[in-house]
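Here's the structure, in C-alpha cells; my notes come after.
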Amino acid sequence: MTETYQSALIVGAGSGLSASVARAFAKAGMKIALAARTVDKLGPLAKETNAQIYACDASQRADVDKLFAALDGAGAPDVVVYNASYRTRGPFLDLDPAEVEKAIIVSGFAGFLVAQAAVKRMLPRGRGAMLFTGASASIKGYAQSAPFAMGKFALRGLAQSMARELGPQGIHVAHFVIDGGIRSANRPVPADKPDSLLDPDAIAQTYLHILQQSRSAWTHEIELRPWVEKF
Amino acid sequence: MTETYQSALIVGAGSGLSASVARAFAKAGMKIALAARTVDKLGPLAKETNAQIYACDASQRADVDKLFAALDGAGAPDVVVYNASYRTRGPFLDLDPAEVEKAIIVSGFAGFLVAQAAVKRMLPRGRGAMLFTGASASIKGYAQSAPFAMGKFALRGLAQSMARELGPQGIHVAHFVIDGGIRSANRPVPADKPDSLLDPDAIAQTYLHILQQSRSAWTHEIELRPWVEKF
Amino acid sequence: MTETYQSALIVGAGSGLSASVARAFAKAGMKIALAARTVDKLGPLAKETNAQIYACDASQRADVDKLFAALDGAGAPDVVVYNASYRTRGPFLDLDPAEVEKAIIVSGFAGFLVAQAAVKRMLPRGRGAMLFTGASASIKGYAQSAPFAMGKFALRGLAQSMARELGPQGIHVAHFVIDGGIRSANRPVPADKPDSLLDPDAIAQTYLHILQQSRSAWTHEIELRPWVEKF
Amino acid sequence: MTETYQSALIVGAGSGLSASVARAFAKAGMKIALAARTVDKLGPLAKETNAQIYACDASQRADVDKLFAALDGAGAPDVVVYNASYRTRGPFLDLDPAEVEKAIIVSGFAGFLVAQAAVKRMLPRGRGAMLFTGASASIKGYAQSAPFAMGKFALRGLAQSMARELGPQGIHVAHFVIDGGIRSANRPVPADKPDSLLDPDAIAQTYLHILQQSRSAWTHEIELRPWVEKF
C-alpha cells in the first residue's frame, strides 16, 4: 500500500526549502497550505502552487490553534512539514540568553505545538505524515553553536518519541538530517564546486518519496548531503 | 542533475529483497546482472528481469575477480548492490568460531571485495553507486547474535569509509538499515497485523529513489521499518 | 596531570543523586554549594557535607545571576554539576503544552543558563569542569515521553557544543547517560533483583573519577546502567 | 558492591597502552598475565608487574585455546583486556585484500575468540570483566581507512552483543572509545601542545575505575580524548 495524501501544510514556509517542497507536493497533486510568521513574500509561491497562506508564529500556542482551526474548515492537512527554525551563534560567553531561549523554542518547542495540533486531526483518521527538517546540528553539537544544537536536538527527540508512539497508530513521522548548506539566490553554488550545496528541489524529491512509502517500509530518519560535503 | 544509471549488479541475488530490487531496477530501464553463490533457483527471476546470472562466492577474491572480468565484456555495472550476508546465532558460549568467522567474512569482508572491484570500474568514469544492505544489527548488537552484529557493523564501517573517500569522487555510497523482518513465502504477514513485515517491493522502491537522487543531495544512510515495528 | 578541583556547585540539589555526589565530592576534599528551587529539605545534607545552601530557580536568569554573584564572594566553583530536570509524560495528545515547555526549559535551557554563568568564572582561570546529568531519554526518544526527550536531547546538544568549544580552553565538559532507575527511599531495590536500580553513591564515584581525569584523556560522554538493565 | 577482581589477562600486551594497564592493574593488587604474538620485548614489563608472559596469536583459535588452558592451571583470569588490533590504510583501490582481511580478523574476530574463551571461565563463577579497546574508528569510518573501521566496528558490535547477553549474567563488558593518538617514545607530545596526545597511564586509570564500578552502575561505553582533540 503506497500512501496517497491529499493536502499538506508547510510551516516555516518562507525558506527556499519550503518553497521547493510546496512545489513538489503541489505537482504531485496535493493541496498546499503555507504558514509563516511573516507572509509578505509568500504571494508568488502561493500563486504558483495554488496555496492558501496563513500567518502564524508557531511558537505561540494561540497562533497554532488558530491556524489549525482555520484549516479545519477546508479539511485538515494529512501531511504537515515542520520547517521553521531560529538560530544564533557565537562564542559561548557572548550568547544572549534570550536569543538562546528563542532558538530552543522556535526550533524545538514550536515543532511540538504544530505536531500536536496536526496529530489531533490525523489520529481519528488513522493516517497522516509529520515531517521534521533537521540539520547536521541535530546529531552533532558544534562549537559556538549551542543554541541551534539545543533546538535541533530537541526536535529530533520529539520526532523519535512521536515515531515510537504514533507510528503504530498510522502516523508516519520522519526526520530529515540536512547536512550541508542549501543553495539559494543569496548563496549560489560556487562555479568551481558544482553541486556542492544542497539543491532544495532535490531535497524536496526525497521528502516526496518518503511520503509515498508503503507503511510496511517507512523511513523514520534519513540524511542528505552534497556529494563533496565533509562529514 | 538526477543520476541515470544504466546497469546494475546485485550480489546475494538469491534473497527476496534482491529479487524485488532486480525487478524495480529492470523496470526503471537498467540492465541487470545477478550474482549468487548458488544460482540454481535464479532462472525465473533472470528471465523476468532479462538478467544475466553469475555464480560467485563473494567471500573468495578469485570469484569476485572472475565475476567482474566477465561483466567487463558487456560493460561494467554502474550500480552494485551488496546484499549477501551470513548469520549464526545462539548463546555466546555455544557459538562455533568457524561459523562466527564465516559470518564476519561473508557479511563484511566480502562486501569489501565486491566494492573494491566495483569501484575500480566506477572511478575512471567518475560516477557509480554502491548500495549496502544493513540491518538492525548494523547499529545495535543484540544478545545471542554477536556474529551477525560483527559482520553488519563491519559492513557499515566500510560503507562510511567509502562514502567519505569516494563520494567526492562521484561514487554514491548508501547504507540501508533494514529494521524488521522481510515478508516472504516462508514468512507471510500475519493476517491480524497488516504490513507488519517489510514488503521487499516497498524497500526496492526506496533503493531506486536513492539511486535517482541528485548528487547535490545524496543520502548515505537511511532506515526502513514497518510502521508497527518497535525500535 | 590529574585535575584537583577545590569547590563544587550542585544545581538540582534535591535529588538523591545530587546528595550522593555532594557526599562523594565533600569526602574528596571539595567545598560544596547546594542550589535548588526548594531548599527546605537540604538542611541535613548541607550539614553533613559542610555545604552552603542557595535557593535558585535555574530556569530564571536573574536567579542564576544572583546565585553566582553570591558564590563569587567565597570563590566561584571550579566544578558545576547540572542535575535539575523536569518531566511530564502521557499520550501525545494529552500533553499540556505549558508542561512541555517547562520540561524543555528546566531540563535544557536552564542548563545553558547555569553553564554560561559557570564558564564565565572558569575561563579566566583556564580550568574547570561542567558535568551534565543525562538519561536514557538523552539518546532515545520514548513513546509517551516527548517532553523529557526534548529537554534531555537539548541538554546533550548543549554539552557537545560546549565540549567542542571549551575543551581546548581547559574546561572539562562531561555528559552522563544514566540509563535506568535510581534507587531511593521511595524506590527501593526489589529483594529478588539485587542491584537492579542504580545506586546513587555508585554513580557519584564515577562522577568523581571523571573529575580526576588528566586532561590528556578526558571523557566527554559515558553511560551508566545496572547490570540487568535492558538496552 | 564494588567489584574486586584478582587477576587480569592483557591480550595485545606489546602496546604502550597495555603496559600502562598492566602497571595500573598490578599496582591495584591484581595478578597479571601478558599475551602477545611477539613476546621478545615483554621481559621488562613482566618483571615490573610480576607477570607471566604467553605467546599467542589471538587470531588463531588453537593459540587462544592453548593460552587459556595454560592460564587455567594458575586460575583463570577474572579480567580480560582485548587490546590487539591490526590496521592498513591507503586509497581504497590500493588496499590489499589480504591485509584488509587481516585487519578484520585481528581487530574483530580475534576479539571474539579471546572473549569466548574468557567468558567460558567467568560464567560459572557469575562474575568477570571483559574490556575492549576501541578507537575513533569504532564509531566513524574515515576515508582511506576502511580496514581499521571494519575491524573496530565489528569489535564494537561484539561488545554490545556480549553486554546485552552477559551483563545480566554478571559479566561486565566495557568498550573504550580511544579518540586520539596515544603518546609513546616514538610519538612524543609536542612541546607547544601539552597533553595533546593521550597519556596511556591516564587511560589506564579509567580502565581501572570501570573495573571498580558497582554492578548497579556499570559503564558499557565510554570515550576518552585529549582536551584539544577535534571531534
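Which chain is which? They are A, B, C and D, in the order written, and residues in each are numbered from 1.
Quick note on the criterion: contacts are C-beta pairs under 8 Å (C-beta built on N, C-alpha and C of every residue); 3 or more make two chains touch, one makes a residue touch a chain.
Predicted model only: the values in this text are computed from it and were never measured.
Participant: Between chain A and chain B, which partner chains are common?
Facilitator: Per touch definition, common to chain A and chain B: zero chains.
Participant: Starting from the Cα centroid of chain C, hunt down the chain whose centroid lies farthest away.
Facilitator: Of all the other chains, the one whose centre lies farthest from chain C is B.
Participant: Between chain A and chain D, what is the gap in Å from one C-alpha centre to the other?
Facilitator: 44
Participant: Which whole number of Å gives the spacing of the CA centres of chain A and chain C?
Facilitator: The mean C-alpha positions of chain A and chain C differ by 32 Å.
Participant: When you check chain B against every other chain, which residues touch at least two of them?
Facilitator: In chain B, 164 touch at least two other chains.
Participant: So that we know how the chains sit together, what is the shape of their touch graph: line, ring, star, complete or other?
Facilitator: Graph shape here is a ring: one loop, exactly two partners per chain.
Participant: Please list each pair of chains that are touching.
Facilitator: A-B, A-C, B-D, C-D
Participant: If we count contacts the way the header does, which residues on chain B are in touch with chain A in the complex?
Facilitator: Touching chain A: residues 1-2, 164, 167-168, 170, 172, 183, 189, 195-199, 202-203, 205-206, 209, 212-231 of chain B.
Participant: If we count contacts the way the header does, which residues on chain C are in touch with chain A in the complex?
Facilitator: Listed in rising order, the residues of chain C that touch chain A are 61, 91-93, 95, 97, 100-101, 104-105, 108-109, 112-113, 116, 119-120, 123, 137, 140-147, 149-166.
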